[in-house]
Amino acid sequence: MLPATKALTAHRSQWAEVWRRLKQNRMAMAGLAVIGIIIFTALFAEVIAPYGYREQNLTRIADPPSREHLLGTDDLGRDILSRIIFGARVSLQVGFVAVSIALIAGGTLGALSGFYGGNIDNVVMRCMDVLLAIPSILLAIAIVSAFGGGLVNVMIAVGISNIPVYARIVKASVISIKEQEFIEAARAVGASDFRIITKHILPNSMAPIIVQGTLGVAIAILSAAGLSFIGLGIEPPTPEWGAMLSSGRHLIRRSPHVATFPGLAIVITIFALNLLGDGLRDALDPRLKQ
Amino acid sequence: MYKYILRRVLLLIPVMLGVSFVVFTIMFFTPGDPAKLLLGERAPESEVQALRTQMGLDDPFAIQYGRFLFNALRGDLGRSLVTRQPAALELVNRFPATLQLAAAGVLVAVLIGIPIGIVSATRQYSLFDTFSMIFALIGVSMPNFWQGIMMVLLFSIMLRVLPSSGYGTPAHLVMPALTIGTSSAATITRMTRSSMLEVIRQDYIRTARAKGLSERVVINRHALKNALIPIVTVVGLQFGYLLGGAVLTETIFSWPGVGRLMVDAIRQRDYPVVQGGVLLLALTFSIVNLFVDILYAYIDPRIKAQYK
Amino acid sequence: MSDILLEIKNLNVTYSTQEGVVQAVENLDLQLKRGESLGLVGETGAGKTTTALSIMQLVPAPPGRIETGEIWFDGEDLLKKRSEEMRRIRGNRISMIFQDPMTSLNPVLTVGFQITEAITLHQNLTAKQAEGQARDMLKLVGIPEGRVDDYPHEFSGGMRQRVGIAMALSCNPRLLIADEPTTALDVTIQAQVLDLMKRLREEFGTSLLLITHDLGVVAEVCDSVAIMYAGSVVEHSTTPRLFETPRHPYTRGLFNSIPSLDEEVPRLKPIKGLMPDPTNLPSGCRFHPRCPQAIDLCSTRSPAHTDLNPEHHVQCMIYEGLVPGPDEPDAGKAQEGE
Amino acid sequence: GGAETASEHPAKRNNAETLVVGMPGDPRSLDPHRTNDQPSSRVKKQIYDTLMYQTSDLTVTGDGLAESYEVISPTEFAFTLRQGVRFHNGEELTSEDVKFTFERMRELNAPAAFLVNALERVEIIDDYNFVMHLSFPFGPFITHLAHPATAILNKTAVLAAGENYGRNPVGTGPFSFVEWRAGDSLTLSRYDDYFRGPAASERIIFRIITEDTQRAIALETGEVDLIYDVGPNDYRDLAALEEIKGFQTSGLTTFYMGFNAQKKPFDDVRVRQAINLALDVEAATQVAFRGYATTAKGPLAPTVQFANTGLPGYGHDVERAKALLAEAGYPNGFSTSIWTNDNPVRVMYAEIFQEQLRAVGITAGIEIVEWAPYLDRTARGEHDMFMLGWVAVTGDADYGLYSLFHSEEFGDAGNRTFWSNDEVDRLLVEGKTNPDPAAREAAYLRAQEIIFEEAPWAFLAFRDELNATRDYVQGFEPHTAGHHILYQVYNN
Amino acid sequence: MDRATQKDPILSVRNLRQFFETKRGTLKAVNDISFDIYPGETLGIVGESGCGKSTTGRSVLRLVEPTGGNVVFQGKEVTTLPRREIRNFRRDAQIIFQDPFASLDPRMSIAAIIAEPFEIFNLYSRTERIERVQELMSLVGLSSRLANAFPHELDGGRRQRVGVARALALDPKFVVCDEPVSALDVSIQAQILNLIQDLQDRLDLTYMFISHDLSVVRHISNRVAVMYLGKIVEITTYHKIFTEPRHPYTKALLSAIPIPKVGAKRERIILEGDVPSPINPPRGCIFSGRCPFVMDRCKEAAPRLHETEPEHRVACFLAHNETDQPE
């Protein structure tokens, strides 16, 4: 088989290069490993968690960590470790779905306004200015108030309130890529706008998007936790970390573990996502290359 | 320059219209009847209905929105459905606390973020770089309400050096400002670091070194000013974010800010306060950003030239 | 006082990168006489800038590192100086102009300030006097002194490069290093700037190390030329001699690659192949893979210095008598495969 | 003097003149005709007086603004006002103010107007004498005249302040209004001409501290002297401290889980009883309130007048519950949902019940609905089961039963179970209108028996009121309805 | 070099204008230029940075929409082609870009870049495509093992070969070479120049060769057009432009080029000042501000591009006959 065969179709790219650079960043790899572990436990929560996330034991309320309950029990006598493990599922889901929503909507808008400029750009960007000017947590609260709480609505609310961030980033990178010669080169061989956007511009604007996305997952998880704190979160007994933390805050004096462990779970996850995001930023940005 | 500022100020108008429209629309579709909330659970249906009619809540969306706009343009945001006070007054009462907290938070973030960012950029990949980034990242990773509670445990209960909640004296400001400041600090550190790294690579820094300037002068005089633009941008954005985003911190520390008022107002369907509040926050945010843009011009003569 | 102003002996500079260690400068020897202008010519990546930065001791570290060598300037080894002492030399006795006038001035400071800064730093002048001197320098390079308070973006490329020259000459340095000062400029502007540099050099008596890849510029400005390839100087002579009788196969190849303005050549005769990978230099003579005269020996033994005469040095085994020389001066196959 | 304000109090304090009270909610308005929320009432209680006086244990005495009253007929009451009572603005209290107050209350459609909706008009005899005419006999009328919402306002002051009266209240109470920093604090100062004599403290600062834990910490660190509504978890911690005095008293609040009695399967009394039996309310209450509550056996807290304390309670009996369900045609249970708002205690109950119902085969989802739509939607009967509480603020059974169980009160008015029973309807009207206490008692006891049997609710708990003070605070006596009287309270 | 003048031009440009609206006003990047290119020849275009060379190339190919004028390619009007037919036009007219680093999509493999035109025009079967890519790669002297490589793994010279291969993929008849060698080192530059020349012979191509380097242009072109500030100031054969330049700007340009010969003494004309902004071009002759031979009339009226002798057109009053009228 001719060597060109593979290359003709597979748009393998410098991801290998990025990965190589990322691998040399020990902090980022640590972050990635932590995220990997969390995703793994989330996927196999049923197998890993010692108890069910809703299993109550009303005689063992807020027990401190012990051999049966490694991280103790919560205000309903449920195993905190198990709830954290199941909660990873919810929190990560909220984070990723919310970012996806923001990214797809914001990305499309940003790409269009960056690519076509002019009036489309004006209209889109004014709309983004509007969304940006409204504090995102208030926007999320208002949306949840309007359409009700629950996992799906929380994800949508957090997603919507983050749209302008992605619209701006995508627009900025589309504009800078649009000006590059290879776009003109593609046009010179007859490529359509659609092809140019999808095959050339978007793949090349992935770097800042991925970085922002990684950090955005962290922000979304925190936002959802914040909504839970206000009481607008996800229905119980679904173990969402923010809700766990917030319901444990009343016990903070005598049974600090109830709020501390979910809090740590959030801190560790956000921390890892941030490490990874920073690492990706360095790895993806050739200018930062040493 | 003045023309530019004027144009930007005029541009605020459509943005504010948009903001009011978005908020009005969301609130319009939010279930919960303010008339009923106003009259209490026990009011007979007929009275509720009468009040609804009187408040114009049964009018079509366009008319309600039009009326709101018309009144808002005359500076009348209506009266709070909850307290019966003019919504504008309610907001104005709370605004100083919000500004104070946001400013203090940004100050904390800047005082932490910029020096750390600079030092870790000039010593990229050093131990200091690593540790300060970890430190900054921990700040951003902690949920505000959790951090707040932890700080209260430490400073109010164990050390007994700071009041646990409330508003008024500088001592009251310390913990709330630290809580929100540390979460912004990471962003600012990050931006400072990458912006400085970018600038340090520039030819003109090499030129400055080639003149024989000391490293300190090179960094402070030549690099920092150039690196400042993206930093100022994030500082502005953070300030805007803190204006309305400090809800949780305000709740933890019983801080009488607009954010908490807004959350209560949303939940109590206090439409005039919600609308007025979001407009106020959005306007402040936009003005801060305008301010940032003007600041650019003072930092960077190239930008100033564009505005001419 | 010797008439040699700058002498570099056996300089080795490396960069450690993720791809491996780049041997940017390798066993480089170079001499520059007082009042002389020396052209340092080579293709991209040959190590010209690194050499210049080594003299200034501005090689970015990490990743760069001056491994071994001596850089004698006015009787002192610069590499032995403490950083504080070196700072006092930089911008004062040695100064430097960089390639890209668009980026080498600080965009947020006025040009006046940027010139004055160097003057106040190195000379015992009051701020007023320094500013006066800055105005004089601007006038000297043909910029109206009224523009001291303008910012770089308000100048064209050529004017910015003149500002760079004014800044470099403001402390009347012994040695001026110019790293491709006109590469980014248009020919007509380049002509203006080169003209100015020639004039000022004569006026100030400054020695010049002019880095370029343009042999035309060298012919116009320099007294002598050093040709660099893969980190070392492969040929060094006075300009007329080198242009008339280039000896090193690489130097000859260079001349053959240039389309001529006044001769008609139907086809160019380029050097085959590419610059070697800097992390993986060929063994023996670094040029042997591209050399039309190369024999097996070239890939195993490094050529030594040969003085063809006191003014013409070359590093090639042809002149050590180990390798047969070219029958015809030019050979080299045109279209390179792969 | 009003120079010193809330902001100047130091972090640690034991200031004899100023009493600092930590309160969870921000008052909405100090105009009694605008709101009837607890935080406002707690402040109004200090600023205003009512015609009748109610002690902290809910005994109504003749010690109010009315020196005496006389029942002319079941619908006519003649009152004599105390003479020489002055409002904070210096004006003397007259019948005119009383008349004005009640008329305004009706006109403005005040949230608490229902308390006195039996009142037809106030007839002024002279400055100190007036007659109240009712449109129908109303048993709890005199009790209601002790409710802070019926406080007497000063006509001049109200008319002068107009819409802004809520921030410029003028009463006859022991404290006059000084300053209100929205969201932060509210300052009152001693009214020296108070008709009962000057109050014990010179100044009261109410601080709004919304978070339970933070309020407790503020008391512990001495930033405040007295806190209301201590969280159950915090109460345990505080009670353990020497320098803190805890006050655990029975309250008027009933917690319940209502069934939509017009919707299948809850239209079947057996299902409702089965659920009552299936729930281990005792255990759940223990968890939800950390023990600071009494398990409910009927709809009224024992502190409420005419509460039936003889009801046996359902107890926890899974087998019987299953049997009843089978009898009702649901041997394998069914699927349903529990609605609640985001009140943590209710959510906790819901979570526990969800698990306990599983044991009898009932699968219940939990749906958290925001307060405003929660009231709306439960009023429309969209729910299956819902968690709610009720405070019999007046301490009278009428308040505690009528709107919750009378069939005329479906929906918004209070009966969100849509359960109706003719006999109960009749008994509740009897209790409401019969001026004879003994007759009222008989009617209410019977009504409660029927309600217990018919089980439109799962009866959950009567919450204890938890308050705490620093040890140096003297004279604090919790008010059963939560409108604590601070007249006699001071820092020693 | 024996251009058949009797042949019809393959490309004929008339009064081409390309203006850009900018914040500071209308930028006249290309301002009313006309020229012809004949089959098989190379027209060189030289001029200083910003004089409109690239813009000319781009508007001829309709990569930007010209503001005015006509471009006729093989007898067809290009400026009014409907969108769909532009695609077909692209099969015949291609471009090689200046910057071999920026003109290749960094996320596509070499083979994918070269095959992109096939994909767009849906040409060939899969296997044929692969073969065709191999063919093109060997045509431009790229080893087939580089097919799977990515642009960043290649040096400038090889990248430029990829750019050439892409431009040739659709078998064009006409190629705009926009400074294809200016980013390259001399030894590599010579290799690419040779390649471009060889391909012209083998594939019968017509070139418009843009460069700021007169010696390169001279080496490769049959005729040369000199541009200044959006206008052509002189156009003639490669020979004449060096032996008998008529326009003062051309003369200055020639004299400014440093010649790699010691003692190559020439009369140097050093122009004062910078190229003026194309937003506010000088009145009259665009070169009048810097022209060493400026006359009063130059500041009043602009000289037309006038045929002073066969094959030689100059826009300068000095080169015109006395009877010549300003336009």
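Each chain gets a letter, A, B, C, D and E, in the order it is written, and its residues are counted from 1.
As a convention for this text, a contact is a pair of C-beta atoms (placed from the backbone, for glycine too) under 8 Å apart; a residue touches a chain by one contact, two chains touch by 3 or more.
Keep in mind it's a predicted model, so treat the numbers as computed, not measured.
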- Between A-D and C-E, flag the pair that has more C-beta pairs in contact. C-E
- Message: Centre to centre, using CA atoms, which chain is the farthest one from subunit E?
- Response: D
- Task: With chain centres taken as the means of their Cα atoms, state the distance from subunit D to subunit E in Å.
- Result: 88
- Could you put a whole-Å number on the gap between the CA centroids of subunit C and subunit E? 32
- Note on the structure: CA centroids of subunit A and subunit E: separation to the nearest Å works out as 49
- Whole-Å separation of chain centres (CA-atom averages), subunit B against subunit D: 38
- Query: Which parts of subunit E, given as residue numbers and ranges, touch two or more other chains?
  - Reply: none
- Two or more other chains are touched by the subunit B residues 31-32, 149, 251, 267
- Identify all positions of subunit D at which a residue touches two or more other chains, and write them in rising order. 211, 213, 370, 373
- Message: So in the complex, the part of subunit A that touches subunit E is made up of which residues?
- Response: 2-14, 17, 180-182, 184-192, 195, 200, 203-204
- Contacts from subunit A onto subunit D in the complex sit at residues 54, 56, 58, 61, 75-77, 145, 148-149, 231-232, 235-237, 247, 249-254
- As the complex stands, subunit A meets subunit B at residues 27, 126-127, 129-138, 141-143, 145-147, 218, 222, 225-226, 229-230, 242, 245-246, 249, 252-253, 256, 259, 263, 266-268, 270-271, 274-275, 278, 281, 287-288, 290
- Message: Applying the document's contact rule, which stretches of subunit C touch subunit B when the two form their complex?
- Response: 56, 58, 87-92, 95-96, 98-100, 103-109, 117-118, 121-122, 151, 153-154, 164, 167
- Message: If we count contacts the way the header does, which residues on subunit B are in touch with subunit D in the complex?
- Response: 31-33, 36-45, 47-48, 51, 79, 82-85, 90, 93-94, 97, 149, 152, 156-157, 160, 162-169, 171, 251-257, 260-261, 264, 267-269
